[in-house]
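Quick notes on the structure that follows.
Chain lettering (A, B, C and D) follows the sequence in which the chains are written, and residue indices restart at 1 in each chain.
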Amino acid sequence: MKLGFVGLGNMGLPMAKNLLAAGHEVVVWNRTAARAEPLVRQGARVAATPAEAAKGAEVVFSMLADDRAAEAVALGPQGIIEGLSKGAVHVSSSTISVALSQKLTDAHASAGQGYVSSPVFGRPEAADAKQLWVLAAGAKADVERCRPALEALGRGLTVLGEQASMANVAKLSGNFLIAAMLETLAEAFAFTRKSGIEPKQFMELFQSVFARSPIFERYAQAIADEKYSPAGFAMRLGLKDVGLVLDAARAAEVPMPLASLVRDQYLGGVAQGHGDLDWSALGALVAERAGLPGPR
Amino acid sequence: MKLGFVGLGNMGLPMAKNLLAAGHEVVVWNRTAARAEPLVRQGARVAATPAEAAKGAEVVFSMLADDRAAEAVALGPQGIIEGLSKGAVHVSSSTISVALSQKLTDAHASAGQGYVSSPVFGRPEAADAKQLWVLAAGAKADVERCRPALEALGRGLTVLGEQASMANVAKLSGNFLIAAMLETLAEAFAFTRKSGIEPKQFMELFQSVFARSPIFERYAQAIADEKYSPAGFAMRLGLKDVGLVLDAARAAEVPMPLASLVRDQYLGGVAQGHGDLDWSALGALVAERAGLPGPR
Amino acid sequence: MKLGFVGLGNMGLPMAKNLLAAGHEVVVWNRTAARAEPLVRQGARVAATPAEAAKGAEVVFSMLADDRAAEAVALGPQGIIEGLSKGAVHVSSSTISVALSQKLTDAHASAGQGYVSSPVFGRPEAADAKQLWVLAAGAKADVERCRPALEALGRGLTVLGEQASMANVAKLSGNFLIAAMLETLAEAFAFTRKSGIEPKQFMELFQSVFARSPIFERYAQAIADEKYSPAGFAMRLGLKDVGLVLDAARAAEVPMPLASLVRDQYLGGVAQGHGDLDWSALGALVAERAGLPGPR
Amino acid sequence: MKLGFVGLGNMGLPMAKNLLAAGHEVVVWNRTAARAEPLVRQGARVAATPAEAAKGAEVVFSMLADDRAAEAVALGPQGIIEGLSKGAVHVSSSTISVALSQKLTDAHASAGQGYVSSPVFGRPEAADAKQLWVLAAGAKADVERCRPALEALGRGLTVLGEQASMANVAKLSGNFLIAAMLETLAEAFAFTRKSGIEPKQFMELFQSVFARSPIFERYAQAIADEKYSPAGFAMRLGLKDVGLVLDAARAAEVPMPLASLVRDQYLGGVAQGHGDLDWSALGALVAERAGLPGPR
């Protein structure tokens, strides 16, 4: 395929490399043109503007650091939208806001162009090793048209429907999952360490019991299915145990705000009469506050 | 070995069964004696009191629902402490408070008896299938003496030093990890669902990218090692992305208190000049507030 | 009246002084007897134990630093309960737990004695100037019997019914009100200061607009009456404004966890369809999570 | 003075009325022109566009519901900026974002016009009764020029320096103070009510002890002065008392997330060695996390 690629940062560079390696023709653009050199050796051509990189391409990728940069290369002067042919597709791989993704969808639609939102999971090393996990959402025909290129970028692809911004929702949710896990680990290590357990010891335990454990996917499935009874472990027991964590952390003088948050959620669940549901019914408590169906 | 086992609930019953199956002699006690019947058929003897179950045993296990019950069978009238021989060991497998564990340590020490705290990870089905993960902490000689019995209960054993209550700290931390993950998943599913992604779709993505992924153990290792630079993904980027999550969740009307918490942590980290550390440096921010060494 | 007074700390000493000044006969006890000297000059007699201070008294006060001390002087060896006559009353003014207050109620009832819980609001200076505000709860006859002494301590008295521990609930709630206001002020000053407003300037504004303002009592009345419509200022406007606070605080790099909490409360309220209620309907949202009636 | 007034909602209408009553000439504009009728009877002239209302005015006020409306009437087609003379001043009284206030500052400066940000505290009834408290920030000469009009609106005026957006920071902080107090009251009433105290009873206590009390201003002053020692009431006692609140609330099954937040703040303060500072040193803990000077 004839491709464009705009944005050759730590992620963009190895992604463009893999597109070339898969046999595609690629015209690249980067603010600092020197970044493109290794790609030129692979056969890439360098454009002077994003618009030029988009010109004649069936699909043009963009991979930028933030909303400001992503919007500038797409909609700014000499941006992608100016060069892209009618019917061709802009694939945006940047981690951007849901709002900008909707704006790009509308802008390209007005220009008679396609827009696919396609953020990825994985670090630069994974990009280099073609081990990214790729998301995609947008009009079905547009996604299908891009599929060969998207599949050249990683080890798998999840398509999230026809509304492009859903891929951004999913990407942001993934980053939230990691950030939340970091807070979780931070509190667990602070608590155990100040209580007298060496981080190395707790790490071994984490490895043995939690790392790559099916626990989390079983609970994710329960929440996806909204199946909270019969309880494997009841919410009132969850409340008891998180209460014991907080008591011990108070004695050890370790603030654990996430434990406090979960404690308050369970306390509310029990107070509202849901103490016999499974402790994963946090899924229903949180949903209820968002105006979705709650516990039954 | 000659063993006692006090408390034949959903967890205690299969644990006692496995001790019998491993060839140990077991005298059992339960508030409702009828629960012991299947064990009797396996060769167990039924005692009339916890003290009697402990009498003559090298090691007596207890597995009760909460602090109140665990304290009653250990230290109450006709409790374990009354029947246990000097030098013999009480292994407490209940999920109890750190404070009660310390109280039991002292009480047994005063009586010339050993005390090993040995809570377990796993549900009743895992107990039945000998797939528990067993923790143990207490005087080295006591732990070693119990080891054959402890190894008969599960698929592995982690010893956490000579202070018995450390095993309770570790067990509670494990339950905290799960509860925190449940809140995380609850918020992620509410956010994606209300934004328009089917739970089934998000579940597939979770399976592909996060389930059994090495991500979490790599980050746990970073926090255990307090290694936060060079950044793989900088805290200021974490702040940006969690900010985007909250913006999108505000638009979709989904309260995400855990996302707010993490946002405020990152915002503080950046405000204090740590924005270039890896986003896992939440480990250092949380540690600092506990009076442990913070970010450097 | 013949009174006893146990505990002559920063609060107890001026309180005992005022009882003497009101013409009561007072026998005092303190761990460090020398603290009693100024009272002796006023005519107090010094007892050797709490029990002795209680002996022959119609009413014995206790004012200690925490649960441990309060329990020790009441129920410990040579404690108040040993010396107090049947029908006489123990007035506990310490800020203690609700649980200990209930335990003291039961213990004194078993001994045929009365128990009145009577914590106070005010600092040592207020105690000295007879400007405390005094709470009291307990059996009606007991409270009435103590009334002359209670009225000698401060500028006013609120009686909170016949269940003694309700006075402790009220006292703790009052301290919570202050602590919460401290967090509120802390965040407001950090936000304004880092944004570029001098603390002195913001203090002047606080004085002009908020200090001694009827705003807070009007809102407290609305919550007491559960009257949330018609809205004076709608919850959706509250959500908007707290959102603007957080946006500005993000830009200024000021974490405001309380603002985040309130934002999430409002977001949930709006998501659940209550956006047109007055923003004080936080009262109903919080009540609902406690299993009380929620928004209508 | 010759004034313009744009936006005759619940707040704008009585404000414009008071400007007319003070003898100013006022040209008004409102999206729904009929709203202007009572003002016309007072002598106001009705303009067809915001630009026309601004034309010839020394000062033009705007009072709109949100950022979108405020930006539209100021910078949109036929907006204030188009009609306002060079050297004349736009006074924006809307509660808008700090970011929009900065944008308006820049836009008017580029047009050679003045911009004063002047949000107000008070409900429509207060506006009607000329009881608003008025904030103002902007170039000194501009503020002085508007002063007669600003003073016609309320009972007092606080000037917050030359950077217009500081008035928005202050207004938002004020609304945050109220919203935070609402959460505080909501939790206190839920806790006392579910514990067994009638809301009416707790309201009486609130009236007696907290309403119009100097407590809050004394603490605000301490935080403004960063004076946290000697402690009137030490942080470790604050930790103890908020801990007792949470224990009692757990027993009564009342989630109190704000109490949890404050508890974690105090626990962190104590863990970091600040337990002997006054409990108002929350001011320093919060400041430190914002990158400002922390506890000493």
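Methods note: a residue touches a chain if its C-beta (ideal position, glycine included) is under 8 Å from a C-beta of that chain, and two chains touch if they have at least 3 such contacts.
This structure is a prediction, so every number in the text was calculated from the model and none was measured.
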Which chains, if any, touch subunit A and subunit C both? B, D
Farthest chain from subunit A, going by mean C-alpha coordinates, please. C
I'd like to verify one number: the distance from the centre of subunit A to the centre of subunit D, where each centre is the average of its C-alpha atoms, in whole angstrom. 37
Where the centres are mean C-alpha positions, what is the separation of subunit B from subunit D, in Å? 48
Roughly how many whole angstrom separate the Cα centroids of subunit C and subunit D? 30
Subunit A: positions in contact with at least two other chains: 253-257, 261, 265, 268, 271, 289-291
Using the touch rule from the top, collect the residues of subunit D that touch subunit B in their complex. 257, 268, 271-273, 288-291
Listed in rising order, subunit C residues that touch subunit B in their complex are 243, 249-250, 253-257, 260-261, 263-265, 267-268, 270-271
Note: in the complex, subunit B contacts subunit A through residues 66, 95-99, 121, 123, 133, 135, 156, 158, 160-161, 163, 166, 168-170, 172-197, 199-217, 219-221, 223-226, 232-233, 238, 240-242, 244-245, 247-248, 251-259, 261-262, 265-266, 279-280, 282-283, 285-287, 289-292
